[in-house]
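The following blocks contain the structures, represented as structure tokens.
There are two complexes below, and they share chain A, which is joined by chain B in the first and by chain C in the second.
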Partner chain A sequence: MIFANTRSQRGFQITILAVLCLGAVVAMAPMVYMASTAFKPNAYSPEFPPTFIPDNPTLKNFETAFSSRNFVRAFFNSLGVAVATSALVTTLTAMMAYAFARFEFRGKNPIYYSVLAMMMVPTMMLIIPQFMVARRLGMLDSLPGLVLVYTAGAMAFNMFLLRGFFETLPRELEESALIDGANHFVIFARIMVPLARPALSTVAVFSFLGAWDEYIWALTVLTDLEKRTLPVAIANFRGQHASDWGLVFAASLTAVVPTILLFIFFQRYFVKGITAGALKG
Partner chain B sequence: MKRKLLIALLVVVLAIPLGVTSARQDTVTIEFWHTYNEVSPENEMLVETLIPMFEEANPGIKVESVPFPYDEFRQTMLTALAGGEGPDLARLDIIWSPEFAELGVLEALDEVMPDFQDYADRVFPGPLSTNSYDGHYYGLPLDTNTRILWWNAAMYEAAGIDGPPATIDELAAQCEAIKALGDDKYVFSDGGTYGWAVLPWVWSMGGDVTDPDITQASGYLNGKATVAAYEFLAEMVDNGCFSPSFLGGGLGTEGFFTDVFATVLEGPWWYPLAEAQYPDFEIHTSLMPAGDGGSISVVGGENIALFKGAETEAALAFLRFTQSDDYQLKMSEVGQLAVIPELIETDYFQNHPYYGTFLTQLETAKARTPHPRWTQMEEVLTEAGQLILRGEASAQEALDMAAEEIDALLAE
Partner chain C sequence: MRAKLHHQWYVPYMFLLPGLALYVLWMLYPLGYEFYISFFDWKIMPGQTSEFVGLENYRRVLDDRNFWLALENTARYTVITVAGQMVLGLGLAVLIDRVFTGQRLFRAIYYVPVVTSWVVVSFLFQFLFVSHPGGLVNYVLVEMLHVLSEPVAWMSQPGTAWVIIYSLGIWKGVGWAMVIFLAALQGIPVELYEAAAIDGAGEWRRFRFVTVPLIRQTTLFVMIALIIGGFQAFISVLLITGGGPLHRTEVVLSYMYDRAFGRLWFGYGAAISYILAAIIVMVSALQMKLFSRPVEY
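Our next item is the complex of A and B:
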């Protein structure tokens, strides 16, 4: 530490720690409440004040959720859709971003900005036109159709993120590879992609989460119960007049597990990826 | 090697969604969209008992039950219909029927169903009226309900009050004794200023949203009786007699079971829930407290409607089945009150522990304005209620403004 550990310095650190703890408590409270409610029987109405440790903890809610007709199926539908979306988005945006970062070609900027412009259109505005297109293409009630829409929707932002990262990589690497006789595809696959791993992980995680959480579009296009995804299945546990929140939260808790695993798995790359390219974008 | 494995894995995952292909069928399949919660007894009754019963009696027709969450159902349906897709049959909240009829997506049952009148004559006239639009009927009632007064006997006893209020004045007079139990106790509570919550008070105090022909709100919504009803609610919230959750704070009826609210208005669906979550709680109900206009609660419930482009004959067969005594009685067992007055005479209803009060209340209960613009009208109403109950505008001012906006909606 550069500064002497004076009293005021220590006071400052304690304040920071206190603020961080407070932030962590605020951020964690809803999760903890969800987790505890998931183990409460018959939680139709949330208690006030809330209790975080259930009086009679039970696994009944999980049993009900898992034995309901479509929950497990929905879980695997979501997993398939999210993994496929994540793989497609990562592959396609990496190639696009590399091209935008390194090549000069006619119309580069107009194309780049029109892709970015897609980020500015609110999703809800597009839902009816999108529905009509999906219908013409026979993509209603179809999981591959869902993957296509999710992939298209995630392209702009992730491409933007990756372009910034590729631009931070030194050009000398490519130049020396070119001299050694490598073509652009080899450079991209063997040099750039391995170097861009932190940024690619970020894109993979973001696009996975996007597809895993998406609700309105999935609800609108999927009517076949066997094809419905997890957010739709969870919403169907809610009732018109009253809901068994224990059941809803047990299902939600199940849905959070893969995302937590994913985050832990990618964490070491992920945190680097968000800040990478921040200085030179 | 690792890479090949990864690629193989990717290919497999990408192929999962392609795996399911639908088999060709000789039978006609109809889709029935509804909002029964997927693990509810209603859904179970429909899927496990009633649909199999129908399919057995009608070989060649298969009914596919498609549940949606209630909150997003209307919007999802509007999107699907705008895109040219939709169900064969749907269970619509009675407040949505006129809107869908106006969109031109529903079949007029009195035109496509030769025996429509026979069915129409059998059901409660109030719920039936919510299907009418522009001189035709676009559905039949499927289930009905209303809100009655639930009163917390333990709180009443502690406060030394004999029994539930028969009139609105009595309820107001009971406030003091209830408040004596503690600062956080309320004589009544509700969850917002939407029509479902506010209209029982407006109607019971002699007010209304529009004239009987639904042509204008001016003179009704901002009339003397309606203004007085809103002033009463504002005063009760202001002096702490009615809970602040009336403003939409979210703390709805649950405080009732934990001795915070002495009374609430609730529907029949609360019985099974109360029994499950608060098995020791003693349930007592009575009619909506009466005012100058009588004891008038709000009609809820659902209609069943037939969509254009449907497999009409097969869909009508199922629609007729939903009007049968079997279907109506079975659904009543899981909290979906029957719409056929004749059934009230059956042993099932006569011996039922709590349907009686609901049926009495239904005799006078009114439907929220059956009009295609109701959803927008209700937004205006909810906002005006907020302004009044928060004390940001006088009842007269806010309702004058609301009446003008609703007049404009009615003139469209």
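Our next item is the complex of A and C:
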């Protein structure tokens, strides 16, 4: 804000900074405490007083976690499921959003709003019938099955976000390409997708995170130990080694660190994605 | 004028088909199928037949004390966490909008809890709230701030167990509300504030009569999204208290899940799901009606 920079303005700024720093401590302290516990040996109960820097830092907890074959497996299962979901969501919602943004066709509005309306339905609410469908299709204990369900669940929001983006792109390029004889699929792949890269990145990152973190559906449909995803494996560690907090948090950090890195690298896409839904809707 | 592109009639359908097929199979069809299931005593074991029971599942749900308790818990969770996230989210956004330095850094720090997995932070909050005097929350409250005289056994009763779940819900969600409010605040033209200042409006009046009316659409969006989110609370409850003791900390979804996948009462669970969805749709519609008055300057 641009008001006179008087002495009271300075005091005001310092107060604001102090409050924001306090808030930042509250936001970050739990995560830092978790990270430090993961490096503590034998962290079965908290120390008194709590310490944020371990006295004898050790990698033992990570070694224990990674010596479990199923845990390493779970990491790669989650990675595969999240990458596949992200690719599928991005491709399919981009195609749908393009159709809604650029064409007039019979049934356009009913189809569009029936997809959009599902944004209001809690995904968890559909777990019973989805379970029945997966069972009938033989997709209960299957990682590709997870990918399909995650993709369908992420569609409404991302399609909405991309439609808004496509509508802001100028049509001249497409029109001249059409005149030059290109068909719509070539135009989509060669012209629209490169132009939409920022919005597509937003969708890719969001859908990756959604699949990476999903717990309940994976817990419900996966029975084979080798097919477990990371959140299921972490919850399992917690169940088996109830008070070995060092181990639980070493496993947890393995899941959390990639998401935080992703967030730091793609921060501006996050902000775009979150606010696009809010300001246009 | 923006003419739509010329195309063969089938072209848009080709673009829609793959996505729409998945969507119909895993979302739209299940939505209808669940309605159907809710009218049956649904059996999944081979050889058993599902019996049509009409509205019996709905009647039993509405007579079920544990369902009402779960609904009440969900409503309380929603009110408390939505209020907490909105007030803190808006407050932080206003401060970040004003601060001269570190805007992007603060925005990033407050957003980190949002991107972390629910499973991980549920266990983390259990650990922060352990009954041990060295548990971080007990230590801060007893030894540092001296607001309590002795450590609390947070998990020992429902009232204090809820404190863990509420704190987690607010802590994890504030950053999301803040990012959206901040974007809205940054979209307000500075001239409006200058004009108000020239007219003699102080800080509070500028906030009340310039900021608040201009971010009303955003406020509505944030509120609806958070309320829908509040009604979906589940993982934190499942992992922190498991709904116990004796269903005292159950929320609607955890209760639905327990009836359906614990007891295999799928028809009953489907009825609970439909009742919950109806409540969410009604609450959202009511809010849109209440908030859709035009903006007055």
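Note that the second predicted complex is superposed on the first by the 221 of 281 C-alpha atoms of A that agree within 3 Å, B and C clash if a C-alpha of one lies under 4 Å from a C-alpha of the other, contacts with A are read in each partner's own complex, and residues count from 1 in each chain.
We adopt the following convention: a contact is a pair of C-beta atoms (placed from the backbone, for glycine too) under 8 Å apart; a residue touches a chain by one contact, two chains touch by 3 or more.
Bear in mind that the values here come from a model prediction, so they are computed numbers and not experimental data.
Looking at the shared chain after the overlay, A:105 reaches chain C, while chain B stays out of its contact range. Once the two complexes are overlaid on the shared chain, A:179 sits clear of chain B and of chain C alike.
In the superposed pair of complexes, A:227 makes contact with chain B only, with no contact to chain C.
Of the two partner chains placed by the overlay, only chain B lies in contact with A:143; chain C stays clear of it.
Using the contact criterion defined above for the overlaid structures, shared-chain residue A:53 touches neither chain B nor chain C, since it reaches no partner.
With both complexes superposed, C is the one of chain B and chain C in contact with more chain A residues.
By the touch criterion defined above, A:118 lies against chain C but remains apart from chain B after alignment on the C-alpha atoms of chain A. Of the two partner chains, chain B is the only one touched by A:84; chain C is not. Once chain A of one complex is fitted onto chain A of the other, the partner contacts of A:235 extend to both chain B and chain C.
The interface of chain A with chain B overlaps its interface with chain C at residues 45-48, 127-128, 131-132, 135, 216, 220, 235, 238.
Only residues 2, 4-7, 9, 11-16, 18-20, 22-23, 25-31, 33-34, 37, 44, 92, 95-102, 104, 106-113, 115-121, 123-125, 127-128, 130, 132-136, 139, 143, 171, 174-176, 179-180, 183-184, 187, 190, 193-194, 197, 218, 221-222, 228, 231-232, 234-235, 238-239, 253, 257, 260-261, 266, 269-270, 273-274, 276-277, 280-281, 284 of chain C touch chain A when the two sit together in their complex.
Of all residues in chain B, those touching chain A in their complex are 10, 13-14, 16-18, 20, 31, 33, 35-40, 66-72, 76, 79-80, 82-85, 87, 251-255, 257-258, 267, 269-270, 273, 276-277. Within the complex formed with chain B, the residues of chain A that make contact are 42-48, 64-65, 68-70, 76-77, 80-81, 83-84, 87, 127-128, 131-132, 134-135, 140, 142-144, 146-147, 216, 219-220, 223, 225-227, 232-233, 235-244, 247.
Within the complex formed with chain C, the chain A residues making contact are 1-3, 12-13, 16-17, 19-20, 23-24, 26-31, 33-34, 37, 45-50, 92-93, 95-96, 98-99, 102-105, 108, 111, 114-115, 118, 120-133, 135, 148-149, 151-153, 155-156, 159, 171, 174-175, 178, 184-185, 188, 209, 212-213, 215-216, 220, 231, 234-235, 238, 245, 248-249, 252, 255-256, 259-260, 262-264, 267, 270-271, 274-275, 277-279, 281.
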